[in-house]
Amino acid sequence: MERAGFFSTLIWVLKRDLLVAMRRRGDLAATLFFFVMVASLFPMGVGPEPQMLRIMAPGIVWVAALLASTLSLNRLFASDYADGTLEQMLLSPEPLSLLVIGKMLAHWLISGLPLVLISPLIALQFDQPVESYGAMLLALLLGTPLLSLIGGIGAALTLGIRGSGVLTTLLVLPLYVPVLIFGSSAISTSASGMDISGQLSVLAALLLLGLAATPWAISTALRIAVE
Amino acid sequence: MERAGFFSTLIWVLKRDLLVAMRRRGDLAATLFFFVMVASLFPMGVGPEPQMLRIMAPGIVWVAALLASTLSLNRLFASDYADGTLEQMLLSPEPLSLLVIGKMLAHWLISGLPLVLISPLIALQFDQPVESYGAMLLALLLGTPLLSLIGGIGAALTLGIRGSGVLTTLLVLPLYVPVLIFGSSAISTSASGMDISGQLSVLAALLLLGLAATPWAISTALRIAVE
Amino acid sequence: MNLFKYSSPATFYPLAGKLAPWFGLAAGLLTVWGLYIGFFRAPTDFQQGEAYRIIFIHVPAAWMSMFLYLVMAAWAGVGLVFNTRLSSMMANALAPTGAMFTFVALVTGALWGKPTWGTWWAWDARMTSELILLFLYLGYMALHASIEDIRRADKACAVLALVGAVNVPIIYYSVKWWNTLHQGASVSMTAAPKMASIMLQGMFIMMVAAWMYSIAVVLTRVRRIIRERERQTVWLRELQTEEATA
Amino acid sequence: MNWNSLDEFLHMGGYGLYVWGSYLVTALCIAAELLMLWLRGKSANDDSFTENNA
Amino acid sequence: MLEAHNLQCSRGGHRLFSGKSFKLDPGTLAWIRGRNGSGKTTLLRTISGLSPVDEGEVRWRGRNIRKHADEFRRELMFMGHAVALKEDLSPLENLRILMQIAGRAISAPAALSALAAVGLKGREHLPVKYLSQGQKRRVHMARLRLSRDCPLWLLDEPLTALDAEGVAALQGLLEEYLRKSGIVVMTSHQEINIESVQSLHVQLPA
Amino acid sequence: MLEAHNLQCSRGGHRLFSGKSFKLDPGTLAWIRGRNGSGKTTLLRTISGLSPVDEGEVRWRGRNIRKHADEFRRELMFMGHAVALKEDLSPLENLRILMQIAGRAISAPAALSALAAVGLKGREHLPVKYLSQGQKRRVHMARLRLSRDCPLWLLDEPLTALDAEGVAALQGLLEEYLRKSGIVVMTSHQEINIESVQSLHVQLPA
């Protein structure tokens, strides 16, 4: 029995959450399903004008991604809290923020990555110019991890609070706004064939900020929730 | 200690879920603002062009409805299942479908009704013609209970059964679609001043069907889940 | 050390009690003066006619709303780091007033928007960011309301406020930037060409009045909070019995 | 002096509704806040009194 | 009253028990014993009708409990491993809801006195999540007290988390109930000493 | 090694305990006793550093556990009321993850043999949700077996749901651990008979 290294612990936490998700694919499906539903809801309302659809597509994709990722937030720490795993994590000699990063990574792989992968389908639905696909994937790839990170804060803060799960979302959505704005503008700009390095670099910067700051915030919130 | 009447039992189940979801008036307020927040995300995605927002408004309202109901769904029966309350309900001499109706009603009161109440404000944000307000209220009033009922089936099916999530989603998806289509088209049609008795009557029919069938379906699903 | 002396509720409670009325008085007088200037001295605006007179509450409210959030976050942060009870109480006392001003800014703005742009609501940069700010306030208050254990509520809300504070500027500028993207449709809220200095003067006075009001209200609310929380402490009981006998 | 008559003052050059509306709303909000503050104070008092007597 | 006719149950291929038959008359306590994982909980759930049997049947008043579920449930009090309590609600609320679901409405005063009787005085309105483990179980003791007129009790590990005094109280309650010709089927790893009219040990092989 | 200096803790206005001081040397078993709701779990969580104290401090190797949390946690094994098991994962997976989180990686064979030793042979790969109550607790016994080199054990009601044989096994484990100069702080309503080097009763008033 040797001392477990930092990263092996992180990997195990990640692995665990992924395993649980795989065993009950429900959550995963729900997220994707919601994403697609939201995206397919608008064409019906809009009617024939395709250029209108083309304009709203980026925004819709992003809002859908935003809302979809909030769906799984409530369960992010709640189950660990209920079954006592969280206590064990708080008592772990490894830095808590490390375990948190593991969990957030898992959350992104479960609720964020699938959206990125399926997004081209939606772009097709709103017939986006093919050039903008790359931009969309990039933007989502940079943006969705941020959604998970920010969402994690909300989830940790509302841990152990009764309610219909609305509070978490209410706390988190305002913080999502910058991601939403730059993400969607990246897509629409690239659709009109312009340069989007600006938006992407902003997203990247935000992501770095998030990676630096959120694990701390989440760990603090978790300790507060349990004591 | 007298025998409890049917309805007193229903009322108690209802009351319990409402209590668990919202203790204070503040929780209701949170839900109301949650809807406004969700609606406010879209402009930041698609841009502030009023006429486009006007077209999207119906879709937006229904997305909000869908989100709210799915948010609280996963915990609808799961918590009862986990803490053993479900066993007690299954062993109750009262008909299970009665208890189920109580729970579904609670779910609608928590996730559906607030939206109906706040929707005029959203309509104002996306300046909808005042004539369409009535239609919107009606459509939501008919549609949101359906979302709760359909979601209930899904939630019950996902209980216990391992990895059945995907299957469930595929099973529930086709049920959601008509509600969303007719719901949003009712609003948009009325906005363009046309007659919407068609959509409304379809929604009404669906609702009656749902009320008749779902309690039974859900009860069955629950019994299977616990065995 | 003096600062820490006043960071204890026991010493701050009476102090706040003494100060609050004076700030309240100042707020009242300044409001009267400001409104007098606003309505009787300031001339009609050649562009907007009389509609612009909304500015005398709208702008102070708008700025207060933003400023109070930062102040709140600051107090919350201090409370989280140094674990001083009073700081958290201050943060709590600030939230409702901030939310109130935000709401006022939004409503007066809407009421201003109708005559000037012909619409109650437009997705203009400042309006949008104000709306988001309102949600930040509401989230803060909702979170605090839904955690029973007050110490926990304070800490959790402190984290939220800090995260929010980091985001407020990011949100504000991203919204600004977003709005310039869609310049075509958005309505300009650029400063009316030349606001007569007397208008600015009135606006400034109202701004100070808003300040005084906030301070007065917050101090009073802090006293309430101290009462609610420190009920079982000795000093408060003594104080109360004094008050009761007096 | 901008106004020759109270009527004119209230009319606000056609913008009466908006101007007075916003001032009214503001007044109401402030009134509400003060009222809530007062009530809170009262309850706090009462409670601490019962505490004292107890 | 309660008859089990060679019940058989297996889980995931493992045969847990088979050919289990017994007959319980009023005033009988049946103590199901066996090692961890031997199938006690499964047997109890089978008797309650919660989980199906592979073979055999359970009869109450001579009638199959699955065919006449409603009458059976009206006379049944089942207490499982899981405390069926909502963390955010108070003991009072939880108790009243549990009773209501069991089809027997009780007044607030009745509930309050029952809670006081099991030593939860002063905690009646505290959210259950703040209660200690034993206090949570005691809410169920209160439920038992209020269900003394219910002819059949099925109890899974009722002594868990109870302190000595609590165990004694529960044993007293059981004795009284048995004297009033109730039927108890329970599992417990802790020794219980109850001189009941008649008592039966159902031994399960591991 | 482990010192408590007049710990005081109150919940929701109620004073649970105050002025609790004790000092535990290697090979000591401290048995925290008290009625339901007397504050045993709270005390245990305070010692583990999970919940804060109103007054007093806990020292490990003479250093405040909150100031030097990392060293302390590396030497701590906490087992609470809640079985920290993921229902959908197997005992093997759960065990390895728990150990990993506790900062001590173990190989699959080691984990398997530990599970076999606590009588979970044949259940290693079964999702925990199918396990019986006692079998779930036994997963934690396996964890204890693997943490014998960890100097401090905090156990909250470790005997819950264990059958007679399981209780005996756990007592054996504790005795061996204490002989190897470990320190145990535990709560239990069931009587335990361990002739340890030195044993201390911490009595809490109700």
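Per-chain residue numbering starts at 1, and chain names A, B, C, D, E and F are given in the order in which the chains are listed.
Basically, a residue touches a chain if its C-beta (ideal position, glycine included) is under 8 Å from a C-beta of that chain, and two chains touch if they have at least 3 such contacts.
All values reported here derive from a predicted model rather than from experimental measurement.
Based on which chains touch which, give the shortest step count from chain C to chain F.
Between chain C and chain F, the shortest chain-hopping route counts 2.
Tell me which chains count as touching both chain A and chain C.
The common neighbours are B.
Interface overlap for chain E and chain F, more than half of numbers shared or less than half: same or different?
Counting shared over all numbers used gives more than one half: same.
Could you find the two chains linked by the most C-beta contact pairs?
Pair with the most C-beta pairs in contact: A-B.
Once you find the CA centre of chain B and the CA centre of chain C, what distance in Å lies between them?
Roughly 36 Å, centre to centre.
Quick check: how many Å separate the C-alpha centres of chain A and chain D?
43
As a quick test, compute the distance in whole Å between the mean CA positions of chain B and chain D.
Taking the average C-alpha coordinate of chain B and of chain D, the gap between them is 38 Å.
Show the residues in chain C shared as contacts by 2 or more other chains, in ascending order.
132, 135, 138, 142, 146, 175, 178, 181, 232
Considering chain E alone, which of its residues make contact with at least two other chains?
Where chain E meets two or more other chains at a single residue, that happens at 81, 87-88.
Which chain D residues sit where two or more other chains touch them?
Residues of chain D touching two or more partner chains: there are none.
With touch defined as at the start, can you tell me which chain C residues reach chain B in the complex?
119-124, 128, 131-132, 135, 138, 141-142, 145-146, 175, 178-179, 181-182, 184-186
In their complex, what parts of chain C are in touch with chain A?
Touching chain A from chain C are residues 132, 135-136, 138-139, 142-143, 146-147, 152, 155-156, 159-160, 162-164, 166-167, 170-171, 174-175, 177-178, 181.
Residues of chain B touching chain E in their complex?
Going by the criterion above, the answer is residues 1-5, 8-9, 12-13, 16, 19-20, 23, 79, 82-85, 87-94, 99, 226-227.
For a test of understanding, state which residues of chain B touch chain A in their complex under the given definition.
Within the complex, chain B contacts chain A at residues 20-23, 27, 30-31, 33-34, 37-38, 41-42, 44-47, 49, 52, 55-56, 58-59, 62-63, 66-68, 70-72, 74-75, 82, 110-111, 158, 162-166, 168-170, 173, 176, 180-181, 184-185, 188.
Could you pull out which chain F residues touch chain A in their complex?
Residues in contact with chain A: 48-52, 70, 73-74, 76, 78, 80-89, 93, 96-106, 110, 127, 146, 149.
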